[in-house]
Structure formats: C-alpha cells, structure tokens
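Chains here go by letter, A, B, C, D, E and F, matching the order in which they are written, and residues are numbered from 1 within each.
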Amino acid sequence: MNILDLSNHLQTYLVIGAFLFGIGFYGLLQRQTLIGMLISAELILAGASVNFMAFNRFVAPDPTVGQIFTLFIMAIAAAEAAIALSIVIAVYRNYKTIDTVDVADLEG
Amino acid sequence: MNPPITSADGLAGIVFLVMLLVTGAGAMIAVNAERTIRAVAGLALCFVGVAGIYYFLQSPFVALMEMLIYVGAVCVVLVFAVMLAEPHPEQQVSKRNALVGGLSFITAGMLTWGLVALAKGATWSTAAVRMNEGTMRDVGLSLLTTYSMVFELVSVVLLVAIIGSLVLGRAGRSKA
Amino acid sequence: MNPEIIRVVGYVVAVIAFVALNAAMLVWMERKVAGHIQRRIGPKEVGPFGILQSFADGIKLMTKQLIVPEGADVLLFKVAPMLVMIPAIMCFVTIPFSEQLAARNINVGLLLIFAIASVNVFALLLGGWASNNKYAVISAARAVSQNVAYEIPMLITAITVVMFTGTMNLQEIVLGQAGGFWNWNIFPVGKNIGMVVVMPISFLIFFICSMAETNRAPFDLGEAESELVAGFHTEYAGMGFGLFFLGEYANVFIGCSLSVILFLGGWQGPFGLLPGVHWFLLKVYFLIFVVMWMRWTFPRTTFYGLLNLSWKILIPISLFNLVLTGAFIKVF
Amino acid sequence: MGTESIQSPIVQFVALDKLIAMGRANSLWPLTFGLACCAIEMMATGCARFDLDRFGAGVFRPAPKQSDVMIVAGTISKKMAPAIQTLYEQMPHPKWVIALGNCAISGGPFVFEGQYGIVEGADKFLPVDVFIPGCPPRPEALIEGILELEEKITGSRRWPRVEAG
Amino acid sequence: MGGYFKEIFDGVHSLVTGMGVTLKYLFQPVVTEQYPYVAPTMPDRFRGHIELVGDEETGATKCIVCGMCQKACPSGCITVAGEKVEGVKGKVLTKYDLDFTKCSLCGICVESCKPGAITFSKEYNLAGLRKEAYIYDLKKRLEERKR
Amino acid sequence: MSEMACDKHKETFVLNMGPQHPATHGVLRVKLVMDGEYIVEAEPVLGYIHRMHEKMGENRTWAQFMPNMGRLDYLGALSYNHGYAAAVERAAGIAVPERAEYIRVMTVELNRISSHLLWMGAYLLDLGGFTPLLYAFDDREKILDMLERVTGSRLTYCYFRFGGLYNDVDDQFLAEAKGFVARLRSRLPMYHTLVTKNVILMQRLKGIGVIDADMCRRYGVTGPVARGSGLNYDVRKNEPYSVYPQFDFDVPVYTEGDSMARYMVRMDEIEQSLRIVEQAIDGLPDGPVMAEKVPKIVKPPKGDYYHAVEAARGSFGVRLVSNGTNTPYRMKLRSPTYSNLSLLAEVAKGVTVADAVAFMGSLDLVIPEIDR
C-alpha cells in the first residue's frame, strides 16, 4: 500500500474514524467543563460519520444512504449544540460556573 | 496503484495526507487544550479536515455541509458559549486528578486499538451493483422519496431544539 | 513537471495576486469615491491620481511593529487574520470570471462559497476573543450574530435562484442567462414572466444580505468606532490589521460577484453583445461602487434595528419569495 | 525619537530603506484624538476644504494600534497626561507625535504662576517631532506640519514651500 | 399589513433620495483648496504672531518702550527692554522678545500700543521641528526685514 | 484603559468610554457598567481638561480674562465673549452703542449656526454617517471665513471689548453674510433629505434618551436640550438682553423629549438664527462701535453681578464678585453643558451602548466648557 494511495482504501477511513472516536471518548472522560464534554461528544459523532461515509463509499449498494445518515447526524449535532448552549448558559446563570464538579448538586 | 508524487493523483494523495494530519491534530487540540477557546478552534480545524476526507469520499455536498454547519454554526455557537459563560480566561477550572486522566486514557486507547484491529482484520465485501452514483441529485431524490422519514425527523428534531433552547434561554432571563 | 501541477500552482498564484491587487485597487477606489462624494479630492499625491496610495499604506503596514497585547491568546491572535484571508482566497477558486477564466468549475460552486465564507465568521470571533479586549469581544459577538442572522435570508434567496436555474454550478447559472439582459435572472422576461415579480426583490435581499455579511456600512456594527473604538481589530497592528482589511475587501468582491453571477448575468453582455471578462468586472465594480456609495451616505444602524430588519422584513419576504418561485416555476 | 528606538539593521539596503521611508511618509494615519480647541481645527483639516487625505494622512484611526502619528491637539491636563502616555505606548513603532497648538507645545495661555492643572507642553513626557504653534493654528499649518514630518522621515521635501505673507 | 409595507416603502424611499443627494455631489466639482500649490491670502485682520512695525521712511522701530504691551498681555509672552541713549528722547528699544508658544492671539497688546509699533504678521503656516524656533526676537526680525 | 474589572456575582462588567474615545469629542470619560449590551450604570468622570479658567479669572485683570472666553466653548466662542463682556458692562455700568450690539448679535448668531452645523456633522459621525460632517463643514467654512475677516481668528474669537467691539465690520462682510443666508437656506432642504428624513437616523433617534420637562427642571437643563423637552425657555426671550427684543424670531420647542426632538430644535434654530442675521443686516444702524467713556482700566464697583446669555448649548451665566480692584475677586461661570451632562447617569440606565452614544451626542457636549 503506497502512502500516496491511502485515500482509496477503506481501512484508512476506518482507522481515522476509530481515532476520532477514541480521542472523543478520552476527552469525554477527562474533560471537566460542560463545553469541553460537548466538544468531545462532537468528536465522537464525527468519528461515526466518517465510518458511515467510508462504508457508503466502498461497500454500500446505495451510495446515498451514508450521506443521508451523515446529514442526519449533522442536524442532530447542530440541534445538540444549540440546546447545549442554552443549558450551559442556564447553568452558568445559576451556578456562576461551568465546572461539572461544582455543578454536582444538580443531582439533588 | 502507485501514483508518482508529481502526478495529479500523487498530489491528491499528499492533500489527503494533509487532511488526515489536520483532522488528527485538530482532534488532539480539541481534547487536550488548556483553554476552552483553543479547544473549540481545534474542533473547527478537525472538522475542516473531516470535510476534506468527505471530499475524498466523493461526496462534496456532505463535505461542504460539514463546513457550513460545523465550522460556521456549531463552532460559532460553542465560542459564544465560551464567551458568555467564561469571562475570565485566566481562571482555570480544576484539573481532574491524574488517576482519572490515566484511566480514561487507557480505556480510550484500548477502545481505539480494538476498533482499529477490527477494521484491519475484517474483510469487507464490496457491493456488486451500485444503485446510483451518489451525486447531489441522487441524495436529494432519495431524501425526498425513500428516506423522507429522515427528512421529516430532522425537521422535527430541529424544531424541538429551537423551542427547547428558547425555553431554556428564556428561563435564565426571567430574573432580569 | 506535470502540467496539472503547474496549472494548480499558476492558479493559486494568480488568485492571490488578484486578491491583493484588487484589494489595493478597491481601497484606493473607496477613498476616491468617498472623497468626491464629500466634495474633496482624496488621495492625490502618491503616484498619478494617488493610485499608489494603497501601496504606500501596504509598505507602511508591513513594516510596522507587531504588538501582541498582554493577556492575549498569542496563537489564536496570530492565526485569526490569516483565517480571514484564506477562505476569501479559496472562494475565488470557483468564481467564473468568464467562460474560460475560472480556476475550477465545481458542481456545487454556490454551496462551496457559502460553506467557505462561513469560516470567516469564526475567524472574526477568534480574533475578537483572543485580543483580550472588551471592545473587541463585544464587536465580535455583534459581527457574528449579524452574520448568522443574515445568512438565513441569503441562503433562502440563493435557493430561489437555484430552483429557478436548476443548478448550483456557477458556470451553468451564468450560461443559462445568455442572450441579452432580458434573460438575466434579475428580470427574466425572456424566460419566465412570473419570476419578474420575484427576482428583483430577491436581488435586493441578496445584495443587502451580502453587504451585511461582509460587515459593510450601514451594517458595520462590528466596527462602530463611536461605540467600540475599532471593533474586533482594535488590538491588531500592522499587517494583522492589514489582513483584516484585505479580507474585508476580498469578501466585498466575492459578495458583489455572487450577486452578479446569480442575478446580473455574470460575464454575459447585455443586448446579446459578446460575452467576456470585461462585462463581469464592469458589473462587479459597479456593484462595489454602489456598496461604497451607500457606505458614505447612510448612518450606521443599531444592533436591534439590524436584527429587526433581518427577522421581520428580509426573512418573511424571502420565504414568501421562495413559495412564489415554486409556484411560478410550475405555472409558467 | 520615532524610528530611533528600533535597532538599525546590520545589513543596510539603501534603496529598500528609501522605499520604506517613502511608504511610511505617505501613509501617516493619525489617531482620532482631540483634546480641546485645536481638535476642531484638526477636524477642519480633514474636511473637504483642506483635505488631509490628499497626502494619505486622512485615515483617522480610532485605535492607537493602527495609527502612526499622534496629533496632540489641545491642552494636556495633569489628569489626562497618563492616558496620553498610555496611548502613545500602545502605538506600534515607528510612531511620531505632532504637538498642535500652543497648549500642546508649552501650555499656552494657561500657564500662569501657581497653575496646578496642566502639563506645560507635550514634550515634557512625549518625544515630539513636529511643533505647530498657533492658538489654534490654521488648517494650513497642520498640513504644513504633516509635510514637515514627511520631510523628516524621507529626508527631502516633495512639495513647494509656501512663504507666508 | 398595509402599514408594514408602507413602512418598508417609506424607508426605501428615504434611503434612495439620500443616495440621490450624495450622487449629485459626486459629480460636482470639489471645494478643496490645494494648499502647498495654492497659497491662500489671509484677510487684513488675520492674527498671526505679532511683529514690530518699521517706520515707513527709516525702517526704524516705532516702539517707545512704554511696556504697555508687556503689561497688557494676559499670558506674559512679551518681554520688552530699553535703555537711555544720549541725545534721544525717551528710551531706545534693545530687546523685544515674543514667546509665541504662550500667545493666545487675543490682540490686546496691539490694541494697547499707542504708537502703533506692533501689528499682526500674516504667518499662518508655521510648523517646525523645534519649539525654540517660536520664541522670536522681534527686534532682530525687524532689522532683517529692513535689509 | 480597559482593566478587566468585573463583578463575578452580578454578571456585569465595566466598560470605559473615554477619556480618549471617538464618541466623546474631547476627553469626557464615562464609566459604563454593562450587562451585555445594556448599560446598568453610567457615571461621567470629569476633569480631564480642567484648565483652571475660574482660578485664572482671579489672577488677571478684567480685560485680560477675555481671551479665556474663546477657549471655554470653542464652538460658540462669541456667545461667551458676549456673556462676559455684558456681565462686566453691567457691573461697571458701561453703555454699548447700538451698532456694536447689532454686530454682536449678528456675529453671535453666525457663530451659533456654525456651532449647530458642526454639531450636526459630528453627531452624524457618532452615528456612523461620515458625509454630512463634510457638507456641514463646507457651510461652516463659509462662516469661519466671514468671521475671520472681521475678528481675525477662525475659532477662538476674542472680538468683543467692554463697551463695544475690537473693530467695525465692513460692507463686504455684510454682503457676504447676506449671500451666506441665502446659501444656507437653499442647503437646508438638502440636509433634511440626506439626514433628517433618513429612515436609519429616525430609527436611531426616535424615542431614544427621552427626557421630560420635569427632569430638565430638576437638573437645571437649558438650551436646545430643554427646548426639545417642551420647556419653552430661551434667555434671549425670557431675560432679554442686548438688542434681541428688536428682532423677530421664534423659539422652536418640541415636546417629545427624545434625541430626534433635540436634533429638530437645533435644525430649526439654524433657520431662526438666519432670520436674526438677516434682520440685523437690514437694520444695522450707523455709529461708533465703541462706547466713548470706557475707562482704560475697568474697575467695577464692589458688588455681586450676574449676567446670562443664550449660548449655542444653553444658558451661559457669568457671576462676578468685584471688590473694586482691577481683578475680579471671584469668577463663577455657569456653563450649560455641565448641567446637561448630569442627565446622563439617569437617562443612560437600561439603554444599549449605541443608544447611549446617540443620547450623549444629542446633548452637544463641549468638554472644556464642562471642566472649565
């Protein structure tokens, strides 16, 4: 496999998807703030989307399915970002912080 | 297939490598940056890379939508969140202790390793016949015919999101 | 060497050179137009008619000391001006100056421009935030909410054009308007009599939105100097500021050329005259002149007036236009 | 003053230096900065009848970071002096100062024995390059001051000298 | 609904007429006086810094060293000195210094001068690199002008 | 300049407007406590151009204080000349020849027009419109040229003397003034098309910074600001001085109290001033311009004197305390914008920055006059 020919192999995309997922997962566990967690979640979604697109390109019989799925994920992500923004702001208004440790009394 | 570096394909290969690099670097910044604003910038960088990868997957439409929605909207919204909720760039949030960091790193590393091994090991059967070319027109057609449910769902999700964020934003303002 | 590579490199160099020269030219033109509107001369002493004024400014800006303010995010502070410039240059890739003169003919050219231009907003935000300056932050927030608000009617009107022409390929959109100004999309008497009602309004909305998107007066809230000193580039000195400036003019050019391509027939000449790049540039520079003319005539709007204009007037009308377009395409 | 605080390079490119000096001299962006009466004459100089923009000096920038020349137009009170100092320090090199009007040169008519409120001249705390006397000076004098500054930067004068009379 | 459209129409109309005004001026001649090329003439009463008046015939100063100008000046920018010389009535001017950087151009000195020995000059475009250049020795200037 | 001071528990932050800020035309500093784009509290900080005028008055002879008047309010310097000269004349009992008073009124009104024109331009500059400033300056330069021919200076006039004028006007001035009246009358409709009727301007000014008459009374607000709030108070009419009673002019009063009303008052005042100038030119009597019996060194008798005039920005009063010597014992200047500015803290509460700028501009601030 030539290094310049990577773009024509399914594995490349799967690996990068896995990396994005892994990095996102790590971030989700390790990040402290709501915004940081949201960013990590977006990375996980991006990893999933890359996989969808890759399968769509190489193995799917109908090459529109993956694209539509990715578009759907995008819409979800956009909605998620909007909601998250308002949650973050609401939390900030009430607790004056977005540190999840400080917001722990949200539980009860 | 082994394109020479000076040919058009070779050039495309280099660009692809750059895109991979950008994606990886962006993701790393997004997760590891000390300042939230840099994390968002890293996320934007990562999404630009992902958009490039989509372009190589022969779907320019999705690639451009990725740019438009993620970089132009989601990241901007995130920066807004940072601006509104974090007026002290100097003040850092407490770090989670090293044990959690190490554990999460190990967990995530194992997950990634497993997935990569899975991807490498498996053999993928290519579809014998492709129904269409997957161009923009095809995407549009199937979005309005076969997968019209997705279309409707997206609109419902967006509507709910709009109403939800309005309600949340409103509630915060009520004291003023 | 492969001719493909030479072609690519050639285009990149040509586009960058064009962006820089064009910005220099536009700055000079702006100052001249402003001068004559205000009954004064404007730049005059540097070169004939002061045409070298922008180059003097450029030399000066490039040799200025670079200052990074205390407490600023150094990396983002330095990256932001480039982030303004790079998308602007990339947008030029797909703009067809004439039938042959386009760096790349992309099937989704229109979408490409919108997608890449949206990065510009992000750059303003980063620049404003990284400056560690309150004026810059407020200004960046203003610029972005304005951009987001005006993106909606802009995209909707763009969709009406796409519905009407049936393509997102800029070349094909222009080719569809061949054969005299009665075929231009702004007043398509020759093609669809119903659209005559819709298109001029669409053009106006699109033009206003593109002005708002590029933060030009009377929508230059981000740079409202009486309120926010110099806006998001308050802390930028020398070439950092110069790049913001270049980027602004490049964006003005892109906005106007999009208006020309979508509505005014691109490189097509009126009366069925021979098409060519000169027609395109003529129309674009005329629109840019109108933009400048407006800037030197009107006071600045307020933030709330601006959002009202977008949400109460432009978006409803553009939605109505969209519906009408669908109807007219079916009827006529 | 001005350029002197930048270390002179080891290798000199005379032609390039000249070009840079020409560029700087013809693009002196003043800071929008009015203190008192003279500021109105400064505005008048920028307006249609005198048009400072002819010399490329008409781009009044509101932010110190983007301006090259500070026109101290008016009386400097002791309360204001630190702010002016800050503004000057915020301007990037190379930078110049023009003291416009008698107040900025020496305190002008507000100097009297036992005065407690004003700084007697901008040159007490700023490296002033060009002095323009008058109370207030006519706009022509400000144009002359800009030309004088250009002469100082490039070393030669491009414009005819006007003898008053 | 009608009000909505009327508002839009009125707004657009006002904007277009406004643009008409600026367009009209765009094509009108400029009003700029190009200073270094065209020197303006100052009106007779223009107040530059003060200057000693020479006698029309001899060119000698009319100043009688009465010190009225020095006393009248609100900012104290004038310093006059004279000495007794044999054979001449009154004092002879030895020094007439003007610190123009303190002057407020009020004209009280010119008004107070009984013999009309001082007048306003027409120097309207002073600018220089040194502030000491504006501390004038008017007596020397008069003598230079005589020559 | 911009310390990142912010109160963690109030969600507000402090924004500095000035002392070097494009919106303040001078060196006013306004400390704004902001909640997002909204102002919670606005506090003007004065003293950045304090030039000790009142102190100087106690150190100088009566005549030597005259040049200071030109530097107090450099936009309407002649009104201040007039106020001070009239106050001293009242104190010393000097009668002024009628021709001198006519010329005083004529030049003061021309000065008022130039001040209002500059205000209009600078206000539009605050609101982001650049071109009206240059058109206004175009007209203003004509006035300055005329006044320069008469007084010798363009801006900081020192033209009036106790008992009359420094020197007489000539026929050329009268002809030019007449020509100018015609010129400005033909230009005013242009300003209204370009500026007043502009929908953006209307949006920015209508209903912004509303002041009611009661507030004006409480703060001692005078001039166009008070007249924009329905207070029909003009020193020229209410406490007539000089030869103003001989002229026929109206006092424009608007009741809305918003920025637009103040704008309209000033624009209307330009027209009224043109009327006064026209009448003064036509009715200019012959005679001397200097009273005959003016002592060389003015020494008003012991006492306390006050004289107010209508300056471009409101009622300008001079209070003199004389102990019979050739220097004033105490000099108190009542400057109109000082009172007008004190409205800011109350009005700016709860408005956006852009509206605060529109409001501040409509007060027509001249900072050296506030700080004195």
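Definition applied: contacts are C-beta pairs under 8 Å (C-beta built on N, C-alpha and C of every residue); 3 or more make two chains touch, one makes a residue touch a chain.
Here the structure is a predicted model, which is why all the values come from computation and not from measurement.
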| item | value |
| --- | --- |
| Chain F reached from chain D - shortest hop count over touching chains | 1 |
| Each chain counted as touching chain C and chain D at once | E, F |
| Two chains sharing the most contacts, counting C-beta pairs only | A-B |
| Farthest chain relative to chain E (centres taken as mean CA coordinates) | A |
| Chain centre separation in whole Å, for chain F relative to chain B (CA means) | 61 |
| Length of the line joining the C-alpha centres of chain A and chain C, rounded to whole Å | 32 |
| Centroid distance [mean C-alpha coordinates] between chain E and chain B, Å | 70 |
| Geometric centre distance via CA averages, chain D-chain B, whole Å | 52 |
| For chain A, residues that touch 2 or more chains besides their own | 93 |
| Chain D, residues touching no fewer than two other chains | 32, 47-49, 51, 54, 62, 109, 112, 135, 138, 159 |
| Contacts with two or more other chains, residues of chain F listed in rising order | 4, 13, 22, 60, 67-68, 70-71, 131, 134-135, 138, 156, 194, 198, 200 |
| Complex interface listing, chain C residues touching chain F | 34, 37-40, 71, 132-135, 138, 217-218, 220, 224-229, 296-305 |
| Of all residues in chain D, those that touch chain E in their complex | 48-51, 54, 99, 102, 105-109, 111-112, 121, 123, 128-135, 137-138, 140-145, 147-148, 152, 159-165 |
| Interface residues, chain D side, partner chain C - complex | 6, 19-20, 22-24, 26-27, 32, 47-49, 51, 53-56, 58-59, 61-63, 65-66, 68, 90, 92-94, 158-159 |
| Of all residues in chain A, those that touch chain B in their complex | 2-8, 10-27, 29-33, 35-36, 38-40, 42-43, 46, 49-50, 53-54, 56-65, 67-72, 74-94, 97-99, 101 |
| Touching residues (chain side chain B, partner chain A) in the complex | 1-3, 5, 9-10, 12-14, 16-17, 20, 23-24, 27-28, 30-31, 36, 39-40, 43, 46-47, 50, 53-54, 56-59, 61-62, 65-66, 69-70, 73-74, 77-78, 80-82, 84-86, 93-96, 100-101, 103-105, 107-109, 111-112, 115-116, 119-120, 124-134, 138-139, 141-143, 147, 150, 153-154, 157-158, 160-162, 164-166, 168-169, 171-172, 175 |
